[in-house]
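Below is one structure, written out as C-alpha cells, with a few remarks after it.
Chains here go by letter, A, B, C, D, E and F, matching the order in which they are written, and residues are numbered from 1 within each.
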Amino acid sequence: MPAAGTSDFSRPSGRTPAQLREVRIERNFTRHAEGSVLISFGDTRVLCTASVENRVPGFLRGKGEGWVTAEYGMLPRATNTRNDREAARGKQGGRTLEIQRLIGRSLRACVDRKMLGERTITLDCDVLQADGGTRTAAITGAYVALVDAINWLVARGEIKPKGGRTPVFGAVAAVSVGIYRGVPVLDLDYAEDSDCDTDMNVVMNDGGGFIELQGTAEGHSFRAEELAAMTALAERGVAELVDIQRAALAG
Amino acid sequence: MPAAGTSDFSRPSGRTPAQLREVRIERNFTRHAEGSVLISFGDTRVLCTASVENRVPGFLRGKGEGWVTAEYGMLPRATNTRNDREAARGKQGGRTLEIQRLIGRSLRACVDRKMLGERTITLDCDVLQADGGTRTAAITGAYVALVDAINWLVARGEIKPKGGRTPVFGAVAAVSVGIYRGVPVLDLDYAEDSDCDTDMNVVMNDGGGFIELQGTAEGHSFRAEELAAMTALAERGVAELVDIQRAALAG
Amino acid sequence: MPAAGTSDFSRPSGRTPAQLREVRIERNFTRHAEGSVLISFGDTRVLCTASVENRVPGFLRGKGEGWVTAEYGMLPRATNTRNDREAARGKQGGRTLEIQRLIGRSLRACVDRKMLGERTITLDCDVLQADGGTRTAAITGAYVALVDAINWLVARGEIKPKGGRTPVFGAVAAVSVGIYRGVPVLDLDYAEDSDCDTDMNVVMNDGGGFIELQGTAEGHSFRAEELAAMTALAERGVAELVDIQRAALAG
Amino acid sequence: MPAAGTSDFSRPSGRTPAQLREVRIERNFTRHAEGSVLISFGDTRVLCTASVENRVPGFLRGKGEGWVTAEYGMLPRATNTRNDREAARGKQGGRTLEIQRLIGRSLRACVDRKMLGERTITLDCDVLQADGGTRTAAITGAYVALVDAINWLVARGEIKPKGGRTPVFGAVAAVSVGIYRGVPVLDLDYAEDSDCDTDMNVVMNDGGGFIELQGTAEGHSFRAEELAAMTALAERGVAELVDIQRAALAG
Amino acid sequence: MPAAGTSDFSRPSGRTPAQLREVRIERNFTRHAEGSVLISFGDTRVLCTASVENRVPGFLRGKGEGWVTAEYGMLPRATNTRNDREAARGKQGGRTLEIQRLIGRSLRACVDRKMLGERTITLDCDVLQADGGTRTAAITGAYVALVDAINWLVARGEIKPKGGRTPVFGAVAAVSVGIYRGVPVLDLDYAEDSDCDTDMNVVMNDGGGFIELQGTAEGHSFRAEELAAMTALAERGVAELVDIQRAALAG
Amino acid sequence: MPAAGTSDFSRPSGRTPAQLREVRIERNFTRHAEGSVLISFGDTRVLCTASVENRVPGFLRGKGEGWVTAEYGMLPRATNTRNDREAARGKQGGRTLEIQRLIGRSLRACVDRKMLGERTITLDCDVLQADGGTRTAAITGAYVALVDAINWLVARGEIKPKGGRTPVFGAVAAVSVGIYRGVPVLDLDYAEDSDCDTDMNVVMNDGGGFIELQGTAEGHSFRAEELAAMTALAERGVAELVDIQRAALAG
C-alpha cells in the first residue's frame, strides 16, 4: 500500500488523498418543507427535505413512538447519460431501495423516537446532479434537514425538550472512502468511483462511532490493513463534515 | 365581468390582473444535460433538462425523423403537504401523464422533426417547488432547454442549419389565465388557482398562434366573452414570456 | 379562413360543416346498472353505465357530500387495428386517464353533491366501436345515464327533490370541432380527426356556458378568430345534443 | 338423483332441465374486426371479436405456424353490483386469466395452425351483461367470429383452402351443466349457478368429442352417475348450439 | 381403446397403467409452520405449509367463519429449463393463479368453516422439483399439512372438537389421469404429460365423491367411455393416496 | 469490550463466541439444475441452484464475456410468522433486492467472465427455513452450486480449462459477525440477530481478502476496535466455511 502523497500519485480532481470535495449546505432551499437543504459535495448536489406528518406506519400505531424514514430519487438527467424515470418504469430499482433503506437506518440512529411522539419524519433525498457519493451527501444533508424539522416542532411547542435536549442526539454524517490506484482516498468522485478497486461508504456519529459500513471490492479484494486505513480516513472526513453541519445549523 | 383594475379588486399577491409573476430563467443549472434550465414563475421552480439520444421510438424507426417528448415529475415535498412519490407508488398519476403529454405536444409544435434526424430529445421537467402554474412554467423553460440542446447539436456539427435555420422554428411559451373573483387575471399562483372560477392554460407561439388551450370551469361555467378576455390576456403574457426567453438565450 | 359551404369543400362523410353525425341514444341497454345508455355519434358507439354505491372516497368521508366519477375504456378491437387490452398491459394509458378525468369533471359540473348525499356515482364509458369523438359521445351519453341513476334514487325515496329539483341541475353535453382543410367543422369523425389542423373538444351546459375546452393545433397554430368560429359551432352542436338528450329522457 | 321433470322441481326461469336459454347470434356487430359477434345466452351477452395480425408470438417465430389466443373481460357493471375495472386495478384477476386460457385452448382445438400460416387470431370476449355462463357463451360466440375471420382471409386469397377445407375443422361450442336441487340441468343462469351443488363447463366439438371439462362441487361432492348424467345433457346442449352456430354462419 | 396392459404398450417409467409413482410424505419438514409437509410423487416434490392466522379476509369479517386459501409457486429451476421468477416479473402467471384457486377450493371442501372460527389457514405449496402432477401432489400434501395445523389448534385448546370431530371432515386427495398412446393411465409424469392426448386432474374425497374434475384434450377430443375409464382409474388412485395420507398422519 | 468466554456470557444456542453453527452442504439436492445445493447453517436452510443459459444481458451482448447473477427468495412460511408472497404482492421488497445484489456481486468476484464466454449463470437462492444468516448461507452455498455448474460445462467440453484452471478462481464464502451483549460473536442465529447491538455480514475469499463488508449498528454505534475484533472472527469463520465447501466438492 503506497503512502498517501507518494510523488507519482494524483487524483483526477487534484485533491490530496485525505481531502474532501468542497461541501456546501444551503438551508431553506425550498419553502414548504419543515426542513429543506441543498447539499453539495463538489458537483454532487442533493436536495434533502424533511416532512413532518402526524401519523405513524401501521406497525407503530398506538405505541407512543415516532418514525423516521427516507426516500431517495435521482432526476433522470442527474447523470452523464439519461436514466429511465423510475416513476415511468413503474418501480424503484434495487439500488434506489438499498440507498433509501441506508439513509433511513442512519438517521434513526440519532433520534429518540419515544420523545418524537407519534409522528413520521420523511426525508426525501433527490439528486439534482450526480458526481459520485450521492448517498453520503444525502445522509449528511438529510441530517441537517432533520434537525431543522425537529426544531420547527420544538419552536411550535409540539415537542418539549427535556433537559435542554430535543429528540435528536448527536450528529450523523457519511462519507465514502476507497482504494484508488493502490492509495486510500477520501470522498470519491465519479471519475475515481468508476475506476477504483474498493469503495466503502461509512456512516458515523459525532462521537466517532460507526453506524453503517458498506464496503465492496470492485476489482481485487482488500485486506484488514486497507480496511483500517480506509476507516481512519473516514473518521477524519466525518469529523470535518460534522463541523460543516454545525456551522450550517448555526448560520 | 368587472373591469380589471376595479377599485375593490385585489389579487392575493398584490399583482395587477395582467401582471406576470417575476420570471427568472437560469441556463446551465446542471452540467450533464445538453440543455438545463431552472425556471421560476414566482415561487414555482421547475428544473427542465433536455437530453439528446441517438435513437427514436419504434413507430419512427427508419423514417428519417426525430422525436421530442417530455416527462414531468414533482418532488414529493414541492407542495405544501407531502405527496406520495410516484416511483414508490409504482405509477404515474393521471395528472402527471396529462401534463407530460401536453408539454410534449407543445414543444413538438416548434420543431422540424425531419431536420432533427433520427434523434430523440427528452425534456424532463421536475418541479422543485410548486406555487401554481407548474405546467406553464415547465413548457416555457423546456423551450429554452430544447434550444440549448439543438444548438449543442449544431455546434458539434451533427445538424447543419439550412438557410441559417436550425430545427427549431419560432418560440413556444405558456401561461395560465383565469377568472378570479369575477376578474380575468394572468398567471395564477396557488392561492388564486385554488379559489378561482375558471382556470385555463394557454400555449402559444411567438407569432400569436394558439398551440394548446385547456380551460376548466371550476365553479361557474364561463361565457364566450370571458373566453375572449382570457385569451387576450394570455396573448399578452406569452409575448412577455417570449421576450424573457429571448433575453435568456442571448445572455 | 374559407367560408363554410365554399363550393370546393367537402367532408369525407358528405356532411355540411355544421352538421352533426346521426346521434342515437338507447336507454336501458343493459339491465343491471342504475343508468345504462348506448350512445352513437355515427359509427362511434359508447356504452355508458351509471352505478350508485353508498360510499364515498376517503377524502370526502363524513363530509355529507357525494362524488361523481368516471372510468373510460376502449374494447381492444373498437378501432381499425387491435390495441392492447389495458387490463392485460397492467395499466391505463395516459390518453385513457386524461379522458376519464375530463368526463368526471364535466359531469360533476351539473350535480349538487351536497344533495346527492354520501353516495358515489361511477360513470363507466366503454367504447364498443370508435370512429372519432369517443370522449364527446361518452360525456353526452353519460349525462343521460346519470340522470337515470339519480331518478332511480329519487323514485326509491332515497333522495328527496327540493322544490321539484333533483341533484342534477341543467344538462351537459360535448362535441368536437376542428379546422378541416381550412374550414371550421362540427363533430369530426375519424377520417377528419386524423387529417385536421386543429381539434377541439368542447363541453357546455344547456345555458350556453363553457365547462371544458381543450384545443390542440395538430399542424398549424390557430388564431383567435378561428377559435371564435369553432366555439360558435360547438355552441350550436351542443344545443342540438341537449335537445336529443331531452327527447331520449322523455321517451 | 330425482328424475328430470319430477313434479315438484322447477327452475327459476321456468325452463325444463334440458332446455337451453334463448340463444341469439348477431354477426358483424361492430365493423372494424375481421369477425364480430354479439352472442346472447338469455340475458348473458358477450361481444366476441376476432382480430387477424400478421405476426406470431416469440415461441412460434419462424416455424410456419399460426396462433389462436383469447382475452376475456367483463365491463365493470355487467354484473349486479359494480366490479373494479381490471385496467384500473392494474391486473387481470385469476378468474379472468383462467377463463381466457380456457377459451384459447378450446378454439385452438379446431384450427389447423400450419394451414393458418404465420398469423395470430385474437379472440376478444367482452361481457356486456352477465347472467351466468359467460365463458360458455364466449366460446360459442368466439367460434363464429373465428370462422368469419378465417373466411375473410380466404376471401382475400391470403389462405388457400385445401380440398375445399379452410384451417377451421369442425365446430366447437360450450355449455354449462350442473346439479340444481338434486336435478341435472343444462345451461345454468346466475340464479341457478349461485345456488347449485355442482357446476360443470363442457366444451365439445361437433363430432361429440370432449375438448374441455371443468367440474366443481360447490356443496356436496358428485358421483360418477351424476357426472354421466351431466355430460349426457351437455352433449345434447352442444349439439343444439352447433346447429345455431351453423344457422348463423349460413344467414 | 386398447386394454390397459396390452402387450405392446409401455409407459416411459415402466409403470403399469394403473400404477402410481412412489409417493412419500414427510411431515414437519420445516419447523415454523403449524403444518409442514414435503410430498413426493416420484420426482415431483412439493413443500406444503399450513399457516394459521387469527384474521379473515374482508368479505368474511364478523361472520364467525374461517377461511382456507392456497398459494402456489414453483422455484425458478424446479423445471428442466429455468423459468422467470414470478416475484421478479412482478406478477403471478395465469397457470399459477389457476392452480392456487384449484387447491384452495379443493381443501375448503373438507373444512367446516364455522367450526374453524375467525381464522385463516393459508396453504403455501412450493414446488422444489417438477416432473408432472405438481398440482395433484400439492393438493394431496396440503391436506396433510392442513390436518396438522388443525390438530395444532385443537391441541392448544383453541378449537374444541364436537363429538370427537375437528373442523376437517373426511380426506381430500388428487391425481392426474390421461390417455397416453391410446391407453388410460394414472398419475402422469412429465414425459407422459407432454406427449399425451388427454390430461385430467381429479380431486376426490375419501367417500369416492368428485370435488374437482378438469380435463383437457391435448390432441384428439375424448369420448364418454374414455372419460369413464379415466375417472375409474382416478377413483382407484385417490383411494391409494388417502391410505398413504392416513398412514403418514398416523406415523 | 468483554473478552469472549467471559464467565457470565452465554449465547442462546450455547455456542462459544467463535463457533459456527453446524454447517451441512448437500449437493445435487434437485436434479434439473446444473448445480443444486441445499446448505444449512443450523436451522437456516437455503436451496441454491445454478442455471446455465447461453445468452447474456443486453449490456454484454457481443463482448465475449459471460455474466453471473443471483436471485433470492424466501418461502412465505420460512419464518416464524408468515410473510406475504412477493410474487402475489407484485414486487420484490427492498431487502430481497439488496440481498440478491450482494450475492451476485460476491460470486462475480471469483469468476473469470471472459473465460466463461457468452453465458449467464443464475444463482437462485431460495430460503426454505430461516433462522438468521440467510444471506451468508446463500453465498456460501451458491459458490458450491456455481462450481458444480462450471464443472458441468467443463465436463461437456463447452469450456476448456486453461493451465488446469476453470473460470472459477479461488473460493468465496460469507458469515455474519456481531456484538451480542457486548461480546463479538460469529454466525448469529435469529435469537441473537434480533437482540444484538451490531450485525455485520462479511464476504471473503480463500486468500483472506474482503469482498464485501456490510455492518449496521442496531443499537449503539461500534468502534474501530470492535470492528477489528469482528473482522478477525469473520476471517476465522470464513476459513472454516471454505474447508467445508472443499470437503463437499470433493465428496
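Quick note on the criterion: a residue touches a chain if its C-beta (ideal position, glycine included) is under 8 Å from a C-beta of that chain, and two chains touch if they have at least 3 such contacts.
Treat the numbers as computed from the prediction; the structure is a model and nothing was measured.
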Steps needed, at fewest, to go from chain B to chain E via touching chains: 3
Same or different residue numbers at the chain E/chain F copy interface, by half rule: same
Computed distance of Cα centres, chain F from chain A, in Å: 28
Intercentroid distance (Cα basis), chain D paired with chain A, Å: 60
Whole-Å gap between the CA centroids of chain C and chain E: 52
Where chain A touches two or more other chains at once, by residue number: 90-91
Successive chains around the closed ring, taking chain E as origin and chain F next: E, F, A, B, C, D
Touch list for chain A against partner chain B, complex: 30-33, 36, 43, 45, 47, 49, 51, 53, 71, 73, 75-82, 85-88, 90-92, 96, 122, 124, 126, 128-130
Chain E partner contacts - residues on chain D that touch it in the complex: 91, 93-95, 97-98, 100-101, 105, 109, 200, 204-205, 207-217, 220-224, 227-228, 231-232, 235
